[in-house]
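This structure is in structure tokens; I'll ask about it shortly.
Per-chain residue numbering starts at 1, and chain names A, B, C, D, E and F are given in the order in which the chains are listed.
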Amino acid sequence: MTTLAPSAFATAVFPASADVEAIIRLALAEDVGRGDLTTEATVSPEAQATADLLQKAPGVLCGLPVVAAVFARLDARVDVTPRAAEGSFDARGRVVARITGPATAILTGERTALNFLQRLSGVATASRRATELVAGTAARVIDTRKTTPGMRVLEKYAVRIGGAGNHRAGLDDGFLIKENHIRAAGGITHAVRAAQRRAAPGHVVEVEVTNLGELDEAISTGAALILLDNFSVADMRAAVAHTAGLARLEASGGISLDNLAEVARTGVDFVSLGALTHSAGVLDFSLEFVS
Amino acid sequence: MTTLAPSAFATAVFPASADVEAIIRLALAEDVGRGDLTTEATVSPEAQATADLLQKAPGVLCGLPVVAAVFARLDARVDVTPRAAEGSFDARGRVVARITGPATAILTGERTALNFLQRLSGVATASRRATELVAGTAARVIDTRKTTPGMRVLEKYAVRIGGAGNHRAGLDDGFLIKENHIRAAGGITHAVRAAQRRAAPGHVVEVEVTNLGELDEAISTGAALILLDNFSVADMRAAVAHTAGLARLEASGGISLDNLAEVARTGVDFVSLGALTHSAGVLDFSLEFVS
Amino acid sequence: MTTLAPSAFATAVFPASADVEAIIRLALAEDVGRGDLTTEATVSPEAQATADLLQKAPGVLCGLPVVAAVFARLDARVDVTPRAAEGSFDARGRVVARITGPATAILTGERTALNFLQRLSGVATASRRATELVAGTAARVIDTRKTTPGMRVLEKYAVRIGGAGNHRAGLDDGFLIKENHIRAAGGITHAVRAAQRRAAPGHVVEVEVTNLGELDEAISTGAALILLDNFSVADMRAAVAHTAGLARLEASGGISLDNLAEVARTGVDFVSLGALTHSAGVLDFSLEFVS
Amino acid sequence: MTTLAPSAFATAVFPASADVEAIIRLALAEDVGRGDLTTEATVSPEAQATADLLQKAPGVLCGLPVVAAVFARLDARVDVTPRAAEGSFDARGRVVARITGPATAILTGERTALNFLQRLSGVATASRRATELVAGTAARVIDTRKTTPGMRVLEKYAVRIGGAGNHRAGLDDGFLIKENHIRAAGGITHAVRAAQRRAAPGHVVEVEVTNLGELDEAISTGAALILLDNFSVADMRAAVAHTAGLARLEASGGISLDNLAEVARTGVDFVSLGALTHSAGVLDFSLEFVS
Amino acid sequence: MTTLAPSAFATAVFPASADVEAIIRLALAEDVGRGDLTTEATVSPEAQATADLLQKAPGVLCGLPVVAAVFARLDARVDVTPRAAEGSFDARGRVVARITGPATAILTGERTALNFLQRLSGVATASRRATELVAGTAARVIDTRKTTPGMRVLEKYAVRIGGAGNHRAGLDDGFLIKENHIRAAGGITHAVRAAQRRAAPGHVVEVEVTNLGELDEAISTGAALILLDNFSVADMRAAVAHTAGLARLEASGGISLDNLAEVARTGVDFVSLGALTHSAGVLDFSLEFVS
Amino acid sequence: MTTLAPSAFATAVFPASADVEAIIRLALAEDVGRGDLTTEATVSPEAQATADLLQKAPGVLCGLPVVAAVFARLDARVDVTPRAAEGSFDARGRVVARITGPATAILTGERTALNFLQRLSGVATASRRATELVAGTAARVIDTRKTTPGMRVLEKYAVRIGGAGNHRAGLDDGFLIKENHIRAAGGITHAVRAAQRRAAPGHVVEVEVTNLGELDEAISTGAALILLDNFSVADMRAAVAHTAGLARLEASGGISLDNLAEVARTGVDFVSLGALTHSAGVLDFSLEFVS
């Protein structure tokens, strides 16, 4: 039996999920294909190597357990020893791990490992930056479902590593009634009631509203969580005043790092940002052989 | 038997690959999970809907066949009719497809479809921009293996849709001897010879060099394709002069849209850009119900 | 692309989930193995058949979409036409569907289809019975994670078809802090706080208590949902009085159909019953060829 | 490479089958989903735990190798040491295994492990009870294909652990010509001949008969194994006398623990009972942390 | 849901097995990889084509349903119309099917389809030849488990198409006690008894013997099926006389087409030939575009 | 995480490919099915065994890493120690490996391991023979895509072990424009140009010609690699003279071991032989328990 937990990285609260196993398997399969021609042709299968994994730009390290899992799938003898803590920030460049083992496996896995690491560290770095912008307010920055296909669990992990929070993980992880659902259900009240009947005890039904009138209707149905869709900052403030604590409010749509702090100061409980995952950019890493 | 080809989009030269099937399957599984709670609770399984797929920012449309495949996996009765051509550029915003069928399937697949579309269109748009920057030179912009895990085949398709070219698709798709291989093999000459012995008739062995001295050695081994790793623009010019057509040259490392045109004018044959895939950003799309 | 939705049964709110596809695939693979020897040897591949699917004992019909999906995987030409509504109760025996198509596919899929149908209808029937026992109280009967391996999504669907509710669908679908978590976290307060920090906006953290003292502590942490583990009926009543609406309460442990009504009358909000899924028994069905 | 054999449990003759691997994988995937939220939030990945696996009701222990495989898939460092023998009976309650390792993996796997164990022990217990009822007769109790979807190999293993025997494992594991096959083939004689032509040397063709007249025809075709479908006990006796050892006889249909002994005393060779698997009920187990 | 039955070929008794689906999927994946570069580059996705599938050497046609399934997986619009019957022999060369549909799918699937067809037709042809050599004797030629990895179900189908019979399909499909089992079990009698206890009603236990003394012991245990391992023809004759109908006998080991007829005339019931599958050779086919 | 590299055999340059893992998994699944009945019934799970893997006919050993992987998947405790080098030739018969571990796993994996070994050694042996026939010429023998379904990566590995070379590994591994592509593209020149535009820097476009006239056209397009399809030996000589080194030439079609040497002496650069893989035959091996 394979194991879902990367033992060497037990200190990171890393999700033991079959989805993570699946994307690692797929990423290696698509890169290695029928075999690593160059390495097979030029490097002895008996050669051992030691390499440093280098962070080359300012940001938050995220993804070491994935790096370890990538190499473990290629060859169980590859050892990845962390030199920096998952989630730590560095501004100057540093060695984040030392990798030793068969040179062939290290060469074959290098690009796939880096592709995961640079992306997850990019998401963690963006999340940290966003979180810093709302410091001093009661608002919490959270992510969305606008993630990279196949990377959902990992990107939401990176958001947490960066200090932000997670919205629901998928369509089965809670209720978010959007405009199209409302139209199909015949109105906000009807839709919220239908969802509440279906909801498990641990689920709070959330409903999206597009103006203050709809907000009123949502509050009157007893909705405890309301998404303000594309509200202006002024309308957000009005919504907070109007709601008066009867429901928690999430600001969503049209928010960027430029106006995030202003949005947070309106008094909303949550600000969701698709950009945390879909536009985070990558953080530069490289792998350098030291022997 | 499932079919790998998205019939409705036969006009796009879309790769019929099991990797594409795998990432679509994984993306839907991670988003839908055990089922779409909100849609199940609020929308009748008999409801029909019509929706417009809207491009909301300037860029190149790329990914309609994936959109169709996402919905087809949810429900074969969903129809996706293109209103714009895969690969076409738009600067103002437009409807790119009309989607009709069961409302439940359209609601369940919406986010996954958009997550693919926004990313692939982002890559195609970046590729088009890069290609425009080298117009008038003999250089060809190509991608790298710095792609999103699980998205290799699709992102390389998007690069082509945007007008740039593909470098090798994976470690089994040709030989690229890098510094670490050279060290392990005991020198450039030795590594190139080993690779040439293994190469299939249709494979050209490529070797990476880091200075003009190594370039000399590479040329003398008969290498027909040489990667100039992190050369300055001046050194690239020197390399082109020095090589005198005995090999084709690829510039790689430290190249961005800012210096791309200058690099292209040095006379190199190829300029490879990781940023085409890892930092392309997304192009904004939305799905709006019209009935 | 395969489709996750059983089109013919759009009137049932049936979960379009990859888990459902997986268990159907596995069930057919384990029964058919390398091929149906008897049918291959004795029945012409050109023979057509019509068969009635018969309910033979009193209970709630549940699983027709799975029956359709089983046959569809064997041969797309098999048609399953419902003669009774998913979720309807019958006390005397009836035809619930008519099945027509190639005799070979019907014979090969018969046992697998019945194995699903008899079990899901058993769960739906048990759920209906339990729901009837709490009629007139404010308590809602809900299921647990004590389901049959591989059948989670389907059995929870059957619970809903029978009129009861679902507790969380898996370990990723909400927080339920049990005794062992409390011990490991260093106490109720500490554990609840840790979970609340991690919880998404739509998640309510639930905590298990084993006596009235722990209930006090749970309430004081602001836990909005509390599981009373193996409380006596008298203690449940005390807990309800004590909580005074500050949290919703779930009774769990040691509850059977014998004492369910009494438990419900204590005023708890939820009663969870593992027996809905693990001891529901099966409802008898058969498939009879009519031509 | 994963290994199919649970090394720690080599003393149980446990089937090394890819089907077993598949259902364990599916069961964990459906329960863990994207990750165990509660455990991740409240328990340190470094915490170690020791837990006792307790049998809480009278019955036959069955499923320890599956318990070990479930935990091994989550974390290879979890150790499961048996304290009772697979297949042993206990009437009072006992510790059946001690489990040690990372607390997180034990908490995450607990429910899935118990869901397998309670069901398999239920089947083994029912099988033992049925076997005891036929003691002193020449009849052997055997199972059917009326098993839980996905659990075929494991449930048939549990039947053997309980002391009963297995009928064929699937449609590819021998020939059983039923009424519908007979009709499609144009009669008993024709169908039996067709099956005998196809049968491998090690396969005995079995044919189902519904009355003594059909029994005659079956015997005359040389069928060596005949299933008496829904015969009354009196007719079973007549069939045994009539057959006079020319074929072995299997009683099937309408048999429960109430009339099993009487059926066995008719002199039939086999009595098949769907209830061994589909109505066995579960045996109660729990997992309790001891440190 | 995908379908396991190739509808267009219902006249061939073709196994609907997940193993068949798996090898077709694997074969296409390994050949197509990330996409068919040449076809994508040179052929319009709108081009339609008609092609003839040609048999170019004398032999038995076997594998048309697989050809259809290969193309169906690439594109559901490809039509494969048989022009010759599965299992028919041809001595001169002929068109066996006409294939029409998108030119791209036909070009992409051509080699994979031919690779299946040439091999299965080779096995069917060898099986027919072997069967002809034993004509007039009571012996039946059967296959072994010496098949091509991944092709078990298909090659055993080809053996039947060629007129020979199948031995057991796998290790779970009956009991064959070999020398090593006998040694481990402590003798023939002990091993046969152990297997008979475990055997399902429809399974006949077979035991391998290496000399006439062991044959005596096997007969005395009541073994009904005995494999004569590497017996000389003279010893086979002696074994037949000695057994006197108390068991059926299988000759195995050291048998080729050269001595097959002589072996069959010894009076054994079965002659098993690994060469039917592992050394059958291929039958030449090609695909030629006619428009 | 499973590992793709067979650690024990690091001295063989063996492809670490998911395709290899897939065919080993499939081969074991199809043979073991629901479990090894005979071994389970007759051999104690605690029995240990030592066995010799014997080569019984003259040829090249190929496939030991696969043997090791087969047993490792069944039980990680099985040890396979090579006694002969992968790729070595033997003319008399020899022990090639010693296998020790649980007797059950060795018995269960024996046939699957041998089925791989006999076939791969057959391909390696045929490749060595072909290579010897062209000794002294400049021609290199290469394989084709006429491989066994599912065995592509392994058979191409065996070809290399035997000393011959590989042509492209699949449709995504380079461009080979055949007659049908030419027709669909509207001529040689047009097709070659289209392919060259699409080709990655490391890909050489190959085009098939059927006569000297087409050869002229191919040369004039600048094609650097040309396949001479079914040319007579005389025409090959003419083609070599005509081409005068402007392109490399591959002879293909109608070539067997009988005329291979003659073809090689024409001066072509490559001779491709489908028979290396599809008609190689098997090399006989057996597994014998020594204790």
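A few remarks follow.
In this section, a residue touches a chain if its C-beta (ideal position, glycine included) is under 8 Å from a C-beta of that chain, and two chains touch if they have at least 3 such contacts.
Worth saying up front: this structure is predicted, and the values here are computed from it rather than measured.
Over half of the residue numbers found at the chain C and chain D interface occur in both copies, marking it as a same-residue contact.
Repeated interface, listed pairs A-C, B-C or C-F, reference C-E: B-C, with more than half of the contact pairs matching by residue number.
Of the two chain pairs examined here, C-F and A-F, the one linked by more C-beta pairs in contact is A-F.
For the pair chain B and chain D, the distance between mean C-alpha positions equals 51 Å. Centroids of chain D and chain E (each the mean of its C-alpha atoms) stand 31 Å apart.
Computed from the mean C-alpha positions, the centre of chain A lies at a distance of 22 Å from the centre of chain B. Touching two or more other chains at once are residues 2-3, 17, 19, 24, 29-30, 32-36, 40, 108, 152-153, 169-170, 172-176, 198, 203 of chain F. The part of chain E that touches chain D in the complex is made up of residues 17, 142, 160, 165-169, 172-176, 198, 200-206, 225, 248, 250, 269-270.
On the side of chain A, the complex with chain E involves touching residues 30, 33-34. Those residues of chain B lying in contact with chain C across their complex are 2-3, 6, 21, 24-25, 28-29, 32-36, 40, 45-46, 69, 72-77, 102, 104-105, 108. On the side of chain D, the complex with chain F involves touching residues 1-5, 7, 10-19, 152-153, 156, 169-170, 173.
Within the complex formed with chain C, the residues of chain D that make contact are 19, 22-24, 26-27, 29-44, 47, 49, 103, 107-108, 111-112, 114-116, 118-119, 145-153, 169-185, 191, 194-195, 197-199, 203, 278-279, 281-282, 289.
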